[in-house]
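These are the structures, in structure tokens.
The same chain A turns up in both complexes below, where it pairs with chain B and then with chain C.
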Partner chain A sequence: MAHHSIVADELYIFRPETRTKLFYLLGVGIVLFVVGLIMAIYGGDGHHAEEHAAVKSEQLVANATANAVDQEEAHAAEGHAEEGGHHGPALWVKRLYTTLWMNNTFFVGLGIIGLFFIAIQYAAQAGWSAGILRVPMAMATWIPIAGILMLILYFVTGHTIFHWTHADLYDADSPAFDPIINGKGTYFYWLGSKGGFPTFFILRMVVFFGGWYWFFITIRRRMLAEDNEITNQYWYANRVTSTWFLIFFAVSSSIAAWDWVMSIDTHWFSTMFGWYVFASWWVTGLAMITLIVAYLKDAGYLKIVDSNHLHDLGKFVFAFSIFWTYIWFGQFLLIYYANIPEETVYFIERMRTSPYSWIFYLNLILNFVLPFLLLMTRDAKRQLSTLKLVTPIVIVGHWFDFFNMVTPAVMQEQGGVGFLEIGTLLIFLSVYLLVVLTSLAKYPLIQKNHPMLQESLHHHI
Partner chain B sequence: MDVNKNFLVGVFNDEDVLLTAVSKIRASGVKIHEVYSPFPVHGLDDALGYKRSRLPIAAFLFGMTGTSLALLMQIWMLGYDWPMIIGGKNYASLPPFIPVTFELTVLLAALGMVGTFMIVSDMKPYGWPRQFDVRSTDDKHVMAIDVDVNSAKSRDEITRILRDAGASEVNTKTFE
Partner chain C sequence: MQVTSSVREPLITGGKTVKDVSHDISRQVEGAPTKSWWIAMAISLVVLAYGFYCLCYLLWEGVGVWGLNKTVGWAWDITNFVWWVGIGHAGTLISAILLLFRQRWRMSINRAAEAMTIFAVICAATFPFAHMGRLWLGFYWVFPLPNTWGSLWANFNSPLLWDVFAISTYFTVSLVFWYMGLIPDFATIRDRAIVQGAKARAVVYNALSFGWSGGARTWSRYESVALILAGLSTPLVLSVHTIVSMDFATSVIPGWHTTIFPPYFVAGAIFSGFAMVLTLLLITRSVFKLEDYITIYHIELMNIIIIVTGSIVGIAYITELFISWYSQVEYEGYAFYNRVQGPYAWAYWSMMTCNVISPQLFWIKKIRMSIVATFVLSIVVNIGMWFERFVIIVTSLHRDYIPSSWTMFHPTMYDIGEYLFTFGFFFTAFLLFAKFFPVINMAEVKSIVKATSERTEGAVGQPVEGGLPRH
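Now for the complex of A and B:
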């Protein structure tokens, strides 16, 4: 069949200069990481500080609860680390493990959202985005890496991060026995005995990452096959697969949020939490797609993309920043108003505890106030300069969001953002970008036979 | 000069023809009064050379009015006029005020936009907008050209330009 594409082939070239810059970033990250680690090892009076932290958090919970019964419960809940004879690892180990787990969970979103974005475009039969689909496709190559990292990190760091992994919580004869966590035990340990190997938890992790990866390679195989022949069949097939993926992701993203983030605060729960983590991942992913598109546009690629496409991406970042705020506030207001101690403890740990309270408010400024005001006008969404300003703010803002979701529960008052945390972020970011840009350079930058490319060329808003 | 009374009305069947016609007619020096279409035609505003609407600015101002009014109302009511303890919170505490503030912001922005749009579009309750050709609400695109504004050209000349640009018919319309 004679074959004329409506756009010229484009191939992204991952230039050595760009790669060198990313390696510099990686180097800076490693230096900060090592300096931060040394400071954490020799800097703090770890053991004493830990006891201090346990006492402090008891007091915090006690203050939050008005009556003696609650106080006793809180004591039972917070005190069993000592009573059960657990000697937690040194403070620097906890800090290291926390930041590794937190960064990996944050970057899982930057991978999976690539696939989620593609699936939405196919399922909604969207035309405008046909020219930029290769960017989220490259982002999704992070999924298997994040999955393997998470599995390894669980076995290395899990016992430190997840309170529910302590076996004596489930032993009715132990003084550390915790009826609340015992009630949740099946959710982690189903198929095995409580306190043993968390079969159900690990099974979910494997099934989610395995499922996401399977959907990714299936959809990508068709996207790439379409480059070689003009036919609509791959588009139709991907539409169906995308729909199934969206159903799978709707369930798996929520459960993943409970497993990997919410279960760190084992006693606490929020029915909004699945949405909350998803909203954070989603807007971060959208910001990353926009940032990479803006970077490619600056470098002279993606001729098919004009200010109309940028406008749509900008609207996505703008709208879902507001969506995230809506979820954030929905969770906050209900807990604030109901004023039930077992729920408010979450916000007391984050709003009223010194290392985190500034991040709590910074979170709202970076993720709501700034994107809302800076992207409000039409012109702002249509210009590369404003998009390149706002999207890094959103990405960093949601890193802080994840920091405040994970760290207070593990570190209590001993957490903080220092060289170690920033270094870990830079290491993850540079490796992530190296992987994504390498993958981007591997395949044509434009999906030239996408049936809606013509529509995308004429996109006008 | 008797402006806004005497018009020539070009009728177009197809929006693509209309779009090129608008450019051609403007290039030939004829000033277009307005174009009416039964559905939005992408690129028509640009072809007609319209400036961006300032409606978003009005919306923002109405929205800010809603935000301020909502906050003032609630702080005054629950903080000063009739203080009540709800859920052990301060009289005037911000979080419970946010939903009402949000709703009033949206309400005032939306109503303000609709009102502003109706006024600038000449859709007042005490008046009736001019209709150049009733078929513009059905299946025809209608272009109105003010004869007196284009007095440099004769009616025949304008009619010929409209025809050449693809108008299926050209009618005259006079308002009293």
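Now for the complex of A and C:
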């Protein structure tokens, strides 16, 4: 019975060729970014804006129905303060800030999900995944970088991104006074005065990233210590810490979603939203883990990972693509069905407004239809080739998902996906991969003393 | 070859062999009913009879005998309906989702949990039927049949109609899944009856097992069907309570219209389902002496599921409360203010205590390993989950948009009687099941008895590179 395989130490070498490729990617990203920015500054956008405005008014004329009235009313409610008071920054600045904020929020997920995946494996006493844990561990090194970026970005872009940062919304004498936003101001400004420094908001950001990072280094320290000692004690200790992390994450991920994404549409609210953002982050993270594992397999690493493990990873991407769709549909259907203007405005802006409606439908195709059909069969989940096809689709799909969560709220009808947005994505992606692969190369690729490793080696499904 | 890590706890204790499994579990099917079984059956039948009287009276007199009024048009009936449907989630979750997650501990508990699921869904179904008052009308209201009233069709826009499809599908698949799992076990009882010379029993159980042969091909087909049914059941577990939640959430009633309802109802359903499984299994394991199959470790794992789902429900409560303030929508805010502070505050705080605070006690290992504490808390949780539905339904309705129609709801003896009817039915059915059917899936447990029982200790989980022993 005791048939035990010996696992040799395996070290991932971050080859200069790979690094060069990523630098090329970064270079392409920077070029697109600069070109996009120049185009945005010199005119491209103004033209666009007019065009969209024209389309918009056409639409309004064409369907002079109750819906159009709803739309107008909702827009009036949403935008009156801005029109009443101040003029925002130039369009290109808005566009630049929006894409920076949106990309960073999206990539936060690709970091934190690494830790979340590890914590789930420990807490649920999973055996099959013991051989791949170093991949999510490397992904989680992005957490502190994302945190620092987010803090800096808030101070640079916050006033443009977050409507609630405008002080006159809270001034009863100002024509821009907004009783609704004034009512919820405490959520951002507690401990300070409304419209001043958002103490509570920043405090949460610091506590969340600080907490996530602390949990990450604690769990990682034990994972690495286990490499030098044959003992179960680190596994037991990490099970406990992972449980605490999961509690912390359950609360912090929802609140983070309200803070960093939902509050951009300051008037709008949805109780599902925290779980919606989580579902999007989670499936993107799973796709990234699978993609990196597939890449490592291709490069000849991770010999202990076979089609059985790939099958499980494929099942995860498949199942949680459906889960995301379930959450998406739950939120959409209930708002659509009840048709309360305060809530429906969110989907009108995204589904019926020209620069975003194609993304609205694309989102469902990339994140539901394609992974659902492509990963449906058992064989598809067991092949590197299908996994390498589907996981990038899911990652890009959820980038569009985040794009449509953030952009319409800031840019109204003047947003779009151009060189600037694609360039920013490539910059984030290449830097993210450089960080993650560098970290992956630092430690042994296999957690050779993990008490579940033998289960993972003899995993047949 | 399957390897089991040394850090895993054994799932079957007492050094059982394959033969022991057949014996321990078939024993109570073969023997005469015990005295305690007769007593329990007698009590259940009395409750059922009283409930049946109340139900007949209701059908004779009409729904007016309930405590409903023109403001509170839904109260105990739908509370009980949702409560029972929720309880009916654990069985399929255990047999389908835990199967997909390869959780082998499900094998000792899935049979009883599935039986419970089926009975609970039947109990749930009685409420919408009774609420129709004239049962035969249900035929026109829920089935898309052409009828003599011209263009009057079933209302496909109504989530209540979606419920009919969701629950009937769920019921059918659960029933097939449960019965299919029983077939090899019926054959085991038949084979034992032949050996023991009990002819009548052999004939009955042979018929129940459809003449199961136990050949390799038969088993192979059996396993394929089990996997397909598990795949089908998984979305069903989610869809049923999702659609039940939409009965409320598609409306524009403050406190009902909230987007978190679908996943939060599903979590709550699993929460209450596991609590009911625990209540029933703790009794079953002690009466039938099944402590080696349903171990303290099984109980601990079920308690962990209760913590997880209870905490998800808790987060959902707090999210709703927070967003009702954050939205700054006056009606939404008042609905929740009224829940927390209004005349039904006692119900709200009972719900909070039972559902959110009490399961947190399971963080303490001593409590989640204690049979008495688990038994008490499993009942507390189900009381809490009843209050949850009552709070959602009645507090949102009793103070509606027109203050002049604000009122309270008072249940009559017929509200209570109908609820008792379902209890009588549920326990009668469960007792019959426990006596005549094998309460543990023998075939599945036999498949793990080697790998996870205490006897094979030491043969598993050796260190990867020899040398240091694990400590």
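The working rule: the second predicted complex is superposed on the first by the 416 of 461 C-alpha atoms of A that agree within 3 Å, B and C clash if a C-alpha of one lies under 4 Å from a C-alpha of the other, contacts with A are read in each partner's own complex, and residues count from 1 in each chain.
By definition in this document, contacts are C-beta pairs under 8 Å (C-beta built on N, C-alpha and C of every residue); 3 or more make two chains touch, one makes a residue touch a chain.
No experiment lies behind these values; they were computed from the predicted model shown.
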Next on the checklist: Applying the document's definition of touching, compare chain B and chain C: which contacts more of chain A?
Outcome noted: C
Next on the checklist: On the A-aligned overlay, A:Tyr337 touches which partner chain: chain B = first, chain C = second, or both, or neither?
Outcome noted: both
Next on the checklist: According to the stated criteria, A:Ile327 is in contact with first (chain B), second (chain C), both, or neither; which is it?
Outcome noted: second
Next on the checklist: Looking at A:Arg378 after the superposition, I want to know if it touches chain B, chain C, both of them or none. Which is it: first, second, both, neither?
Outcome noted: first
Next on the checklist: After overlaying the two complexes on chain A, where does the chain B footprint on chain A coincide with the chain C footprint?
Outcome noted: 333, 337-338, 460
Checklist entry - Where on chain C is chain A touching in the complex? => result 1-8, 100, 102, 235, 238, 242, 246, 249-252, 257-263, 311-312, 315-316, 319-320, 323, 325-329, 456, 459-465, 467-471
Checklist entry - Which bits of chain A are touching chain B when the two form their complex? => result 329, 332-333, 336-339, 376-378, 460
Checklist entry - What residues of chain B sit close enough to touch chain A in their complex? => result 42-43, 52, 56, 60, 87-89, 95-96, 98-99
Checklist outcome for this item: Per the touch rule above, chain A residues touching chain C in the complex are 1-7, 125, 127, 179-180, 183-184, 187, 229-233, 235-236, 247, 250-251, 254, 258, 269-275, 315, 322, 326-327, 330-331, 333-335, 337-338, 340, 342, 448-449, 451-455, 457-458, 460-461
